[in-house]
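Next up: some structures, all given as structure tokens.
Look at the two complexes coming up: chain A is in both, with chain B in one and chain C in the other.
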Partner chain A sequence: MSAQVEVLEVLAAPGAGCVTLDARGRSYRELNRTLRSLATRRGVSRISVTNVLGQRYIGTNLRGEIEVRLYGTPGNDLGAFMDGPVIYVYGNAQDGVGNTMNSGKIVVYGNAGDIAAMSMRGGKIFVKGNVGSRSAIHMKECGEKKPLLVVGGTAHDFFGEYMAGGTAILLGLSLGPGEYHKANFIGTGMHGGEIFIRGRVDPSQLGAAVKISEPAGDDMRRIADAVGEFAELFGYDAGEIMHEEFLKLSPKSLRPFAELYHAGSRDSLQLG
Partner chain B sequence: MKELDKITNPFGDDKVIANCGLFGMMSTKGRRFSGQDAILAMANMHDRGNGLGGGFAAYGIYPEYADCYALHVMYESMTGKEQTEHFMRTTFDVVHNEEIPHRDPANSGVAPAPILWRYFVRVPKNVLKEISISRRGLDGGIKKESPRDGIRDDIDDIDDIGRIKEAIEDNREDIEDDYVVKQVMTINTGIADAYVFSSGKNMGVFKGVGYPEDIGNFFCLEEYNGYLWTAHGRFPTNTQAWWGGAHPFSLLDWTVVHNGEISSYGTNRAFLEMHGYYCCMHTDTEVIAYAVDLLARRHHLPMDIVAKVLAPPLWVSIDRMPEPERRLHTALRLTYPALLMNGPFTIIIARQGEMIGLRDRIQLRPLVAGIKDDMLYLSSEEAPIRVVCPDLDETWTVKGGEPIIGRLGGRVITGFEGFRGDSYEELPSTAVRGASGR
Partner chain C sequence: MKSYLLPQFAVHRDDDRCIRCKVCVSQCSFGVHAYDDEDDEIRSNEGACVGCQRCATLCPTGALVIRRHPHEFRPNANWSEEMLLDVKRKAETGAVTITGMGNDKPHRVYWDHLLLNASQVTNPSIDPLREPMELRTFLGRKPDGLLFKDGRLITDIPPQVMIETPIIFSAMSYGAISYQAQLAFMQAAQELGTLCNTGEGGWPMDFRRFGRNVIVQCASGRFGVDPDYLNQAAIVEIKIGQGAKPGIGGHLPGEKVTAAVAATRMIPEGTDALSPAPQHDIYSIEDLSMLIYALKEATNYEKPISVKIAAVHNAAAIASGMVRAGADIIAIDGFRGGTGAAPRVIRDNVGIPIELALAAIDERLRREGIRNRASILVAGGFRNSADIIKAIALGADAVYIGTAALVAMGCTLCQQCNTGKCAWGITAQDPYIAKRLNPDIATRRLVNLVRAWTLEIKEMLGGMGINSIESLRGNRLHLRGIGLQEWELEVLGVKGAGQ
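Here is the complex of A and B:
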């Protein structure tokens, strides 16, 4: 370990492989250098970071089987390109949680901001509260890599915009009786993947690119798995959540814009 | 050969990934506090800007001159200052003038500063009387004339003194405001090297080229006390960085801080010029300040309606609205198409007693709101709010096109009810929410 790399003081390093850092007043560069250094150190399995306040890119490109616990409000692009670790956020997350994340897990015990799970390509994100606009934008999948986003509450507009793969689930637990989900233009430009929604949503809230159906085949099993993990993380009764109906949204076409530039084809497209 | 980049920049992070940062805080009870918190909040968002512009607006800071217009002026030459001061002597009663207190730019980390001067002025009584007479002419048989067309010189013909006095009192504020706007436009368009960047009563704009926390320090803002502060860190994308181009942009007591770009600038600007507003600060945000003055002050529209003019719902959404909302939104879009602000933006607008946060309708720039007791916070990110208020009652991401409005007297209005995490408690009793404001 060199002094140049290790810029944050390790407050406690008990034998169990847990270390604690204080991020107060520290730049994101210092913090991320320290995380990278610790993540590769033998015997360290958990890093707790206190007083997190707006530092961007925490856990960016972090690899390995390490657990990071963040206390406070991490900044934008939390866990971007992350490959393996598990991040717990005890607070709200800002914009861009899990941007292009590859594998691992991010658990947010509050709300997340805009573009959560943007371009996500693998791993799981669980948000207890709500997410901002354009969450799950351009999520994608390839072979065995299928990302999962589970949101306990509701979302702002353009949820699942240009979605190309993976699974995004809205549970609607923050909605009152009879209240509709907040998002409009859900799945605009969607051309892959699937969205499951629990709670009321009017067809007018959906983008032109999606079709509505009831979950079929092994859909319910996969929803139950995701809800089970969500309930365990945040202390809900999974059975109670599963008691209500889910709606499935999937793309009408795998190439919704294929005809966009053909003469006379705009009318049939009906962009939202 | 060594890979120098791997040594000097191991994470490849020298690319400037930045954008503007906004912050606003207001006590809806009118409690005044120093600029220190706004400076600390902006310092937390340091990485959003790139040091090419920072600024603050503060309300309630000049109680000793509360009835005077406080003109903050930047001069790029002594000639500009002399000409402007000569002009001011002929157009205003200058009650007091002084250099705007500041620290040494070289030691504050800000760019070389222009001459920064402030003037506390009143509209001369005879001007009031003359303008009022020409206005009353509309219904009093006197020759018709717009107050902005100048001052009539034939007042001796008028003998109905009582009626004139009454007219002056009825419209005093309105007449004075119009008069000040005209003089500000005259200086900004007519006198070289002189720019009025703040012209309201009991408020002021402080801005320049540097990081916002350095600009705040440069202007000694910790020594001012206001009940409403807005702030901006700039990442200029389309126009050059100069002191006048920093935010906030201001006219009378309106201020605007802005993140994004106004793609409709040309249309907006042409329309506003027809109404006597001239754009000379070389940047798009200016049009928002003038649009708000036209809509809210001169056309008397409430702020939630102004928000719907600037960021109207999409036609597909309007088509789905029940009556009479559908008709209202249709009428607004048809009446003010040239004031639709197209493109990605988040803005914080403020005036005496009011702070408004607004995102563009398709939500391409961020805005977070927070509430704690009588305090309303608006910010590009949540962390800066928590810097100055760690134990918020609640915080949420603001929806596009739905204004968040804080008013003196304890009203916080948000058009987006119920979007809140279940971990947060009920709104404090000081906050009242309504779906569409009034």
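Here is the complex of A and C:
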């Protein structure tokens, strides 16, 4: 065992490929370095970490097919720039879950803070509870890569602002009967991607850049796939969730601000 | 609506010299010249001319002269022609006027009010032709002190990037500049042993081989930022602001987001590439620190992390915060810095000159005892080697050059970069126009420029009796001000000439 790993107690190795670490009192740098070295070790496919308390950047610079189970509360930027791993959080997550994430999966069995899925380009994030402000902000997509964010509850302001690609879904399961989603300015400046909302939103909660429609057949198939995975992860009845109506938000234009600007030269004016 | 704007340039063609070769017709990307078959005549719609001088430069017989249009309004000290035209333009479009390149207003250029010293009698000058002159520079955080044990260094040295000359190429995105232009920067940086900066528009896969000479940016749009992008570069730079447009974001219009640009930025083709004004994960110095360390984690603490801001009123305090937040390099872009596109009103009115910002920042970091913790890069209107050496004496570690590098490639500062029609192929996206920039010739021109400036810097250093650029860094005793007021001398931290 390398010196780096010894800084953390290896509690047990219940099955082949599974390692358990105790994060109590460990700095994020120590913890992440250890995760990196364990993840590259042959035969290790799952790492459980107990007593996680505020350590940042877990999953950043971890690559490839590794599963990480976090017990406790990881710190900000969980899975920032992440490329590949699958992370389960048995607790709440803080700000910046999946910030600029490239691929992989993050599952949060609680709430997540602000800017969840910010600038996310690929992979999936499932949050059982609610997310904070500016979540799904500037999500994008690229070729085959289409990120997915599914939030069981509701979100706060600026959900999907500047959204440029991917799919963000709000299920509204935490809302009481007749209660509206919390977010205002949903999809402000949206110029790509799609948002599906289950539960009530007033048009005044939406940004000027979004178009409201009813999801079409293949939209519903995509929603059903995402809800199916969500329900399986968190123990819901997918059919029950799908029973209620969804609203689709998409950009009115791929170029929301084009009219506000003008190239200064004379020839680009309409002459005559 | 009929436009009331007058032509800006007049096209004069000497018909005796013109041989009807139609070079001007094919070279003007703004569609000014057209050949009339029937009359065997070349006609020019001068209203569309932007004064880029491409046609005049390439006309084989020198038949073309492009000059400012001689029309004159009644003189008015308050209402210059520019003001009049700007009002009319807005009245016709109802939109923000976008322009390219840097602030063109006649603000004081402090470099021209700073004089360098030279050795006489005492401390003899050095002849750079005979003696080695050290311009090699290391970018990155320097330790607070060095500890030795048994004669061996035991202090951990943070990552450093070595450059052979303190001149590096500024951030310019693929999408703003052409593929050919970016290739020229990469090749020139490699040949010179220095760095170029991808800007925030991603990093084409074919250019990854230049990684050791490349700074990549992580900006609010996060275009093309993935683990490979971060790890294959020499330095990662967080772009907060740009001198030409402090405080605002940017957007590359959808029509410039071609398949290749989209793949590089990792976004869908044809959509606007929006860079929000702030980075939405950075609303404070603490948040900045969080991103700095996220990038350090993502690159295994092997690369210096730079943070770039525009030079604004409180730049010194902000710089102090940036260093304390963990930046290994701070890059400051003055208000004369160029841009591919910015609202003209912002470009011309927001920010402060790099000379003053640099002096204030270096002074502040020294006073706080943290100057060693970050290298300082400065940008924004460096026009010659004297500007550069003065910047180093004011405290810079190295200088970013953008506009000067473009001029070396052919740019004439026509300020049309935002139109994508650059007749010199530099900021063009149309493959037909972009192809006219030969990357190998452009590389030669860039290498020659930096080599010439490097030699000149050695000459000036030698004249001061200094044989290493390190000894000049922040050494303001080698500078004197001329024609400056008391407050300006004070901010610059230099004495007046003769004092």
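Quick notes on this one:
Methods note: the second predicted complex is superposed on the first by the 250 of 272 C-alpha atoms of A that agree within 3 Å, B and C clash if a C-alpha of one lies under 4 Å from a C-alpha of the other, contacts with A are read in each partner's own complex, and residues count from 1 in each chain.
Convention: a contact is a pair of C-beta atoms (placed from the backbone, for glycine too) under 8 Å apart; a residue touches a chain by one contact, two chains touch by 3 or more.
Quantities reported herein were computed from a predicted structural model and do not represent experimental measurements.
By the document's definition of touching, neither partner reaches A:Ser250: not chain B, not chain C.
Of the two partner chains, chain C is the only one touched by A:Asp83; chain B is not. Touch criterion met: A:Thr100 reaches chain C, while chain B stays clear of it.
In the superposition on chain A, A:Arg56 makes contact with both chain B and chain C.
In the superposition on chain A, A:Thr73 contacts chain B only, with no contact to chain C.
Once the two complexes are laid over each other on the shared chain, residue contacts for A:Lys128 go to chain B alone; chain C is not touched. Of the two partner chains placed by the overlay, only chain C lies in contact with A:Gly192; chain B stays clear of it. Using the contact criterion defined above for the overlaid structures, shared-chain residue A:Gly165 touches chain C, although it does not reach chain B. Once the two structures are superposed, chain B and chain C can be ranked by residues of chain A touched, with C on top.
Legend: residue contacts after superposition of the two complexes on their common chain; A:Ser119 is shown touching chain C, with no touch to chain B. Shared contact residues on chain A (touching chain B in one structure, chain C in the other): 28-29, 32, 56, 76, 95, 134, 272.
Contact residues on chain B toward chain A in their complex (touch as defined above): 11, 13, 44-45, 47, 316-317, 320, 362-363, 366, 368, 381-384, 386-387, 395-397, 399-400, 416, 418-423.
Those residues of chain A that touch chain B in the shared complex are 28-29, 32, 53-54, 56, 72-73, 75-76, 92, 94-95, 109-111, 113-114, 128-130, 132-134, 153-154, 156-158, 173-176, 179, 182, 184, 204, 272.
Of all the residues in chain A, the ones that touch chain C in their complex are 28-29, 32, 36, 56-57, 60-61, 63, 76-77, 80-81, 83, 95-96, 99-100, 102, 115, 118-119, 121, 134, 137-138, 140-143, 145, 161-162, 164-165, 189, 191-192, 254-272.
For chain C in complex with chain A, the residues that touch the partner chain are 1-3, 5, 7-8, 30-31, 47-48, 50, 89, 92-93, 95-99, 220-222, 225-227, 230, 251, 253-254, 262-263, 266-268, 270-272, 274, 276, 280-281, 290, 293-295, 297-300, 343-344, 415-416, 418-419.
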